[in-house]
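Some notes on the structure that comes next.
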Amino acid sequence: MTGIVLGVAVVFLLLNLLAGLWRIGAGPTAADRMLAVLLFGSTTVAVLLIMAEWQGDGALRTVALLFVMLATIVTLAFVGTPSDRERP
Amino acid sequence: MTSTTVYLLAASAVFGIGVYGLIVADHILRKLLALNMMGSAVFVFILTVAGVTPEGPDPLAQALVLTGIVIAVAATAFALALMVRMFQETGLTSLQGHDGDD
Amino acid sequence: MTIGVLVDVLLALSLVGLSLQVVTGRALFRDLVLFILFGLLIALSWARLGAPDVALAEAAIGAGLTGALMLMAYRRLAAGGAADVSPARRRPLLALPVAALAGILVAIIGLSAQGVERVPDAAGTLVLQELSATGLGNPITGVLLVFRGLDTMLEMAVLLVALLGAWAVLGAAHPGRLHQVDRETPLVSALLTTVAPVTLLIATHLLLVGTDAPGGAFQAGAVLTGCGVLLVLTGTVRPRAAAGLLTKLLAIAGLAAFALIGVSALALGRAPMTLPGMWAVYLIETAMMLSIALTMTLLFARSRALGPEQR
Amino acid sequence: MTMGLADLIGATLLVLGCAFYGAGTVGLLRFPDVYNRLHALTKADNQGLLLVCAGLAVLSGSWGVTALLAVIWLLGLTAAAVSAHLIARHARHGPDPGVSAEEP
Amino acid sequence: MTTEALTLLVFAPLAGALVMVVAPRRAAAPIAVLSLLTLPPALVPLTRAVRAGELVQLPLAGFAAPLGIVWRVDALAVTMLLLSVAVVLLVSLHALASFPPERESGQRFWPLWLILVSSLHALFLSADLFNLYVTLELVTLAGVALIAVRGEPAAMRAAMRYLLLGLMASLFYLLATALLYGQTGTLDLYLVGERLEAGGLTAIAVALMATGLLLKAAIVPLHVWLPAAHGKAPGPVSAVLSALVVKAALYILIRLWFWGGGGQAGEHAALLLGVLGALAILYASAAAIAQRRLKMLVAYSTLAQLGYVMLLFPLASAGAYRAVVFHVVAHGIAKAAMFLAAANLLRALGSERLQRLAGAGSRHGLDVLAFALAGVSIMGLPPSGGFVAKWLLLAAAWQERGWAWVVVISVGSLLAAVYVFRVVSLAFAQPLREPERAASAGEEQGRAQLTSVAALLLAALAIVLGLASAPLIALIDQGLPPGMLR
């Protein structure tokens, strides 16, 4: 029973994540797209944590930990990309 | 339809799409994106084709994939360095137009 | 496991859709973001396929590092005035046949792979049988360091070649001012004081458990790279014009340690690449981790060396 | 298959967490400008992550896992705060003022 | 003894590269020379063992296939190693002058160069499909970096194209490796050969792998990257790329086909490969004639000469095998000489336009002589190594009644004669105007002479190979592919 709940949660979060794609397409600014990346990062962490419980694989929590750290670094690398407004 | 089949089909599709992108795309960076996606597809392919042992996916295949991932990122990093320098020298981000005889 | 299959189908479809978008898109920045998402989903796929070792590496290297490298390169191009939007493709003559060929390729590969049946005595099974003799608990580390050490050593050579090649095309010895984040923001220094130590901790953890559990030198090195990238992006360390001896020694450490121990087996009358004991495993893994981290950070910063800011 | 009380609590927390995630995404998609979206997304997702972690901690019933989940949540909080802050600055000022092109 | 020799072939250049990265500049030249000079002695015990009919095997770390990686040396591997060491040593002589190790350019060049040598040797020794992938990748990356090492825009463009297509080729190869591993449960090439059964799956795996390798080997129509890459690279790099690096991909293909069960793909596939070879010979020779730049001409000539190797697949006889392997060696040496000579002329004349060659015959006699001697071998005129190779190949085609192949080989040689003669006759033509002589310092003069000597030595070797072909042929015959008797 818990297994089903966990599985459904994963599916829901994945769909949630894919919904964020719309924001990437729509923009309109680079910041909006970065926000979508933020969404992907936090959602992926949750998915991994749930998968760890679901599949009984504790190592996936470490993967989630990595994602948490690296999400920030990607954002840092993002900041400084020219925003769309300035582009000629 | 098993999970393995699903990933196998997806990997082949991404590989084909990557080939298309690598050849047709104009911007070098986009070619590199295509190349990296092809690489990921091949890695998924390796793991799924190798099958599973009682203790999870074939450990040899997993090791090959790890090696492949590191090689891919090294090659990508070098390619990016080359691309940036090329851009600085020529102002070009594309390989279109042939190198010409004169 | 019907929900499981549903998750798999969802992931697989997203992968295909994303790759299609990235390849056919026009706005580069948008497609870079999609590529990063692609990397995240691939990592999730590894988790679904039951390969946590690979998922770790993909999270750190495939999704994190590759994405950051691409972004940095994009910023360097943008700073030089390169346009984001690629011109409309002028090559329909090329695109159509290539698409057709790629489609055939997909069909052939996808269909043929269905026919593959696992051989009962595949090398992977042998790895599991022979693992106990190596003293390692993680079969993947066993393959990487003991059974197929040559691959791993040459892989370190690939990393070194990437670094030397990047140095060769770096151009005149100018470190340049790197794009960086404004450090006036208090949050950034908070980030430095929390995340940087945690990365070190996790890297050490991954390195140590790698012999018996998911983890190892590559994952640890990639995490450590994350720390280095953080320091570079926040301007805590600055590019230097010339590499000192320490930088060079660290860059070759992994390859040198592996090669040295691999050859010294000859003196003991064993085949080359034979490791003399567990200490060698730890030594090589530590050296590889440091080399990977330094090499990737330098490639990221596009510089020959890094050092604290000089005032 | 029966469900114990702990499982029930855990599952409920998990579902609630997912609901917050969903709300964050709706905010990202529907809100009118980047600052509103930022607000909705980060707040909701942090809350969501907290609930998901709590739910999973209850489900796992292990202190070690709980500790790890707590660390992940705290790190996630820091990361989200910093990221959101930087993105907001980016949206306001364009590329970060500290950012400059590499000199040729 | 052979264990040490094998180790030395791979690890000596590698160690040289590593030490050079950290050592002070003035130590660079001795390190380079020392690490390269260990290579010829290492070949002696190997050649002796193989001549005695031994198959030298070294399971690395003591793990036999399928668990571990095995280095295997048979006659084919030794032949390739002999070619590699000969070419590398003589081209390095050139590089010592054109990339002085103690200067900045040399500091960039030499570590990459030594790693390239090491990885080429690891490739020739390896009998493991995945290990071959890693070495291929290493060879490609080092090659690309060396093409771009001077930072010239045209060279960087060419390097980028080579890199992108090379990486794609590697992925094709890797995909096929995955299929073969899934099917046979081993990565060892010989075990794959034993376990592989003819069928659709095998055909697809072989086709994918062949596609990747043909792309790496620049067989027409997958050749688009080669002319610029080889034509714009620095002289020593072009020489080794043409002589060894493209051959490495063909080496793997031949191994796969005749040892690794690739031949199961069937006669039609073999015929297709042969047709591609014929296309390469005819198209690339014609294109070489149309070139207006010296190094591009030489690069197109490489494309054409690679085509002859492909004729092995449809002919598939002992005679053809002997001829093709001999051709690989002969062309490798001659083409290395040709590229070095072309690079020297380019440097001396300041332009690589063919018109500017006029009068070079008298002023840069050594280089023109080297070019001409190498050209004799490329055209297949006696008494050169190229002559022996073409002759053997014609005989093999004749014996198999492959009349079409006979025609292609003859036409190819004729076309080669046209483009080589074009260069040589231009060099001896009356110059349009007397170019001013650049006064060069003594040291520079010495360097220029060293580069000419390197080219000439290689060219002389290309001729000597024809005069003393018997030992090499005997060596090649020692290791005919399994099932190939006659």
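Chains here go by letter, A, B, C, D and E, matching the order in which they are written, and residues are numbered from 1 within each.
Keep in mind that, in the parts below, contacts are C-beta pairs under 8 Å (C-beta built on N, C-alpha and C of every residue); 3 or more make two chains touch, one makes a residue touch a chain.
All values derive from a computational prediction rather than experimental measurement.
Touch-path distance (fewest steps) from chain C to chain E is 1. Here the chain pair with the top count of touching C-beta pairs is B-C.
Set against the C-alpha centre of chain D, every other chain centre is closer than that of E. For the pair chain B and chain C, the distance between mean C-alpha positions equals 13 Å.
With centres set at the average Cα position, the gap from chain A to chain C is 19 Å.
In whole angstrom, the spacing between the mean C-alpha positions of chain D and chain E is 56. For chain C, residues touching at least two other chains, in rising order: 4, 11, 48, 50, 53, 72, 74, 76, 80, 109, 113, 116, 118, 122-125, 127, 148, 151, 155, 158, 161-162, 165, 169, 171, 179-181, 191, 195, 198, 302.
In chain E, the residues that reach two or more other chains under the touch definition are 130, 134, 137, 141, 144-145, 148, 151, 156, 175, 179, 181-182, 187.
Those residues of chain D in touch with two or more other chains are numbered 75, 78-79, 82, 86, 89, 96, 99, 104.
Under the contact rule defined at the top, the touching pairs of chains are A-C, A-D, B-C, B-E, C-D, C-E. Touching chain A in their complex are the following residues of chain D: 1-3, 7, 10-11, 14-15, 17-18, 21-22, 24-25, 28-29, 34, 37-38, 41-42, 45-46, 48-49, 52-53, 56, 59-60, 65, 68-69, 71-72, 75-76, 78-80, 82-84, 86-91, 94-96, 99.
For chain C in complex with chain E, the touching residues are 108-109, 112-113, 115-127, 130, 146-151, 154-155, 157-158, 160-162, 164-165, 167-169, 171, 245, 248-249, 251-252, 255-256, 259, 262-263, 265-266, 270-275. Remark: chain E residues 130, 134, 137, 141, 144-145, 148, 151, 153-154, 156-161, 163-164, 167-168, 171, 174-175, 177-179, 181-182, 187, 227-228, 232, 291-293, 296 touch chain B in the complex.
Only residues 3-4, 6-7, 10-11, 14, 29-30, 33-34, 36-37, 40, 43-44, 47-48, 50, 52-53, 55-56, 59-60, 63-64, 67-68, 71-72, 74-75, 78, 84, 179-181, 191, 195, 198-199, 202, 206, 213-215, 219, 223, 226, 229-230, 233-234 of chain C touch chain A when the two sit together in their complex.
Contact residues of chain C toward chain D in the complex are 76, 79-80, 174, 176-185, 187-188, 190-191, 194-195, 198, 235, 302.
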